Amino acid sequence: MKDTFIKLLKDVDLNEPILIEALPGIGHVGKLVAEHLIHELQAEKFAELYSPSFPPQVFVDENGIIEPMKNEFYYLKSAGVDQRDYIILVGNTQGLSPEGQYDICGAIIDFIDKLGVKSIYTLGGLGTGQHVEKTKVLGAATTKELTKMLEGYEVKLRSADGGIIGASGLLLGLGMSRGMEGVCLMGETPGYFIDADASKAVLKTLINILKLEVDVAKLEERAEETRKMISKAQQMEQEMSDRMHVTPGDEDLRYIG
Amino acid sequence: MKDTFIKLLKDVDLNEPILIEALPGIGHVGKLVAEHLIHELQAEKFAELYSPSFPPQVFVDENGIIEPMKNEFYYLKSAGVDQRDYIILVGNTQGLSPEGQYDICGAIIDFIDKLGVKSIYTLGGLGTGQHVEKTKVLGAATTKELTKMLEGYEVKLRSADGGIIGASGLLLGLGMSRGMEGVCLMGETPGYFIDADASKAVLKTLINILKLEVDVAKLEERAEETRKMISKAQQMEQEMSDRMHVTPGDEDLRYIG
Amino acid sequence: MKDTFIKLLKDVDLNEPILIEALPGIGHVGKLVAEHLIHELQAEKFAELYSPSFPPQVFVDENGIIEPMKNEFYYLKSAGVDQRDYIILVGNTQGLSPEGQYDICGAIIDFIDKLGVKSIYTLGGLGTGQHVEKTKVLGAATTKELTKMLEGYEVKLRSADGGIIGASGLLLGLGMSRGMEGVCLMGETPGYFIDADASKAVLKTLINILKLEVDVAKLEERAEETRKMISKAQQMEQEMSDRMHVTPGDEDLRYIG
Amino acid sequence: MKDTFIKLLKDVDLNEPILIEALPGIGHVGKLVAEHLIHELQAEKFAELYSPSFPPQVFVDENGIIEPMKNEFYYLKSAGVDQRDYIILVGNTQGLSPEGQYDICGAIIDFIDKLGVKSIYTLGGLGTGQHVEKTKVLGAATTKELTKMLEGYEVKLRSADGGIIGASGLLLGLGMSRGMEGVCLMGETPGYFIDADASKAVLKTLINILKLEVDVAKLEERAEETRKMISKAQQMEQEMSDRMHVTPGDEDLRYIG
């Protein structure tokens, strides 16, 4: 296996869908949001991505059943007030090497470009390494118009104090060269545990912006469930990956997507 | 040399053979089992795999003779009660980089897919890092039916407390996408020495499941022989590789296949 | 995204242009010089380079706007006394892996070869790790004639006390196999901060050699501006990259280009 | 630059030439031997190898002149008593990554296979990490006949106490799959300095075996010269590479070729 490939499970016909990306990252912030959206809005899986740049392993679930490393694409028709379509991207891992990240994100951009995506929202946590009194949502965007829009929703713009590392950054960067625009929303989190508060803050901001109707209260339950169901291995994997992407002692370059 | 390749030494015609994988890993657990099966059942080598993702070196054997890094395929016709064919995969090394592991395991899956394999057994040790009173055999599988079957043979299912790293995990993960099903059997071992007890436990479980008739007693002798014959370099190589695949301080992600 | 590519923004017709390379390196020495030349001589951007060997991330600027990782080519028609054309190569990053550096520098050499480049100047800082009383400019070149020329401009030749690591070295090495000749100019700097003094010394030497007319005084202002504008992330990125390229405790192999 | 390539400087017609490999390694043992042979027997350079798997840098020589990273092939017609032809392989670097080593050694094997090579001698040092009273020459070979031949020349066979890492091992391993046979000769050396004694011991053994007539005494002078001429950078590079290839604290896996 030398190439990243996407296995299409179902043909879909989408109308300029918006991509919401929430691959594993600090505090499972984005992942919880995406899983909540998938469940509440009954999104349907239509494609899977496999890559030789994923970690060379499998996970074992709570019943001893083997689960391969993969990313998954769900879709949602005519959701929200203005009846737009969505693609939600989740998974149990990200690419391991820098070149692998480019390979995988490039394959994702090729795939969503053909599906008509013009707009990307990437979600994640912003690790503070200390207790967070009240979660703020920080943001960055590919255009001035979008940063102004974000300020209208009380998102604090990240000033020039850091980069966005991993899929949450790279998808926006690579998307720009295809004329896609996008936004990254980051919930402040101490990091290193499943943080429902940060997820709730990001979810509220996202559904406000996208005018989606979703029951926010239930996310707390889901976080509890996730805490139980998620294998220790996945948490470890996550922590390993977190540590890998963050420069040690590097307080400001702490965002992982 | 840029590509992994398999050198066919003999054309074989096999009837839905079962793959038994036992590449080097913790405590030489799988390797001892596979070498015992090859010897006792007189399996014949029919192919060799070479890869640029193996360590860039050769071994020197006890007579000063150079031995290249390779994986080897043996076959066995109509073995056991229900007269099935087998392929046994052994070797003196595994892939070094994550991408290399995918490349090699992908090449193996392509090769055995053409030979008609529908079922995979991967064998290994599960390092406990401490003295093991009575070796337990742990297992995981690709389907619910197989996990139930394992429980019928007193295999303890691994619950969601870890991943399976290396060829023993990846072959099962990649095989799933080709419709192959499989099982991983892991013998508890302190690790870092040649563990005949763990091997015996895995061998007993395996031959029970597959209904093979093999003299288990002789395995102890073989372990002793292996201890003497195996070059220090191979042991070191193994330990290096073990350390590489295990996250330091990571008690639960301790399986290496 | 598997391949480095160059996006041509404007067709240019240049007469045996000289390449001036100043990708990020120790003390931002080369980068400040190149940015000063681009601004003062009003060079125009005509191409951008993107690579899967860049770090897998984006930068966020002081307004919360996302900026992808890239290298940029500017051109200058008939500059200086002898009316030669120039290409100036700058960027916010260099390749991360050794193979990535070869891939990117190879793509640059292919590109500038087609544009008629026969001569290359690479600029950088030479980290001393201690306070620098009066910045010396050190140099190395691909031919004996060029080393003599350098001595005529009071450039101290580096004797056999180190290599030139990164794009500043590799572009010269790869250029040689295409019949290009070249020079590397290095300003002594303590390293690890934006060093306008080292930049000024390199700038003066460069414009003396190339007979360019440029206001040197303004470079101090530009350094100040850069200190303010440059995102912390970029500085960190730089430092990470510096540390990566320098062997720890390796006093003499301290040049980064 | 994505591929290793060999630049042919002169067409040569050789009669089943023997390859002598002496790329940089511990104590410059092999390199000194090869340079001595090239000089004394007036071997002529006929090809150069360049690779993206070399370190991404250039060397600066004692006159400030830039030297790219490369391997070089010399040839020798009808040398020695039995009038055989030789190819001598030297260089200022080896491949950096494991995959790079395979890529480069594979390219070398392809090249020499076409030139009719059936027999390979690889030379190197065997680091002892302590003072060496009287240098022993150790050996390993690809066949039983060759190990017996070595014992006839008072070469001590390496028993199963280690691997041969790098080009000296890999060329023999890859050559085996093309029907080439070979020998590795290793001179014991404390390592980490230019060791003329170890080189002299290896040279004497080699010319005894190959029945070459070479003035051994002059090698001492050459070592002195090399000590002066070799750039510090090259020594550092060497040490870095040594450290990279040796597992820390690994007394028995200490051979580098």
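List of remarks:
For reference, chains read A, B, C and D in written order, and residue numbers begin at 1 within each chain.
The rule we apply is simple: a residue touches a chain if its C-beta (ideal position, glycine included) is under 8 Å from a C-beta of that chain, and two chains touch if they have at least 3 such contacts.
The model shown is predicted, which means the values in this text are computed figures rather than measured ones.
Graph distance from chain A to chain D, where chains that touch are one step apart, equals 2. With centres defined by CA atoms alone, the chain at the far end from chain D is A. For the two copies, chain A and chain B, the CA superposition rotation is 90 degrees, given to the nearest 5. Where chain B touches chain D, the two copies mostly use different residue numbers: shared numbers make up under half of all numbers in play. Work out the mean CA point of chain C and of chain D, and you get 36 Å between them. For the pair chain B and chain C, the distance between C-alpha centroids works out to 51 Å. With touch defined as above, chain C holds no residue shared between interfaces to two or more other chains.
All chain pairs that count as touching, in label order, are A-B, A-C, B-D, C-D. Here chain D touches chain B in the complex through residues 95, 98-99, 101-103, 105-106, 109, 139-144, 147, 150, 157-166, 169-170, 172-174, 176-177, 182, 184, 247, 250, 252-253, going by the rule given at the top. Chain B contributes residues 1-2, 7, 50, 52-66, 68-69, 96-97, 100, 229-233, 236-237, 240 to its touches with chain D in the complex.
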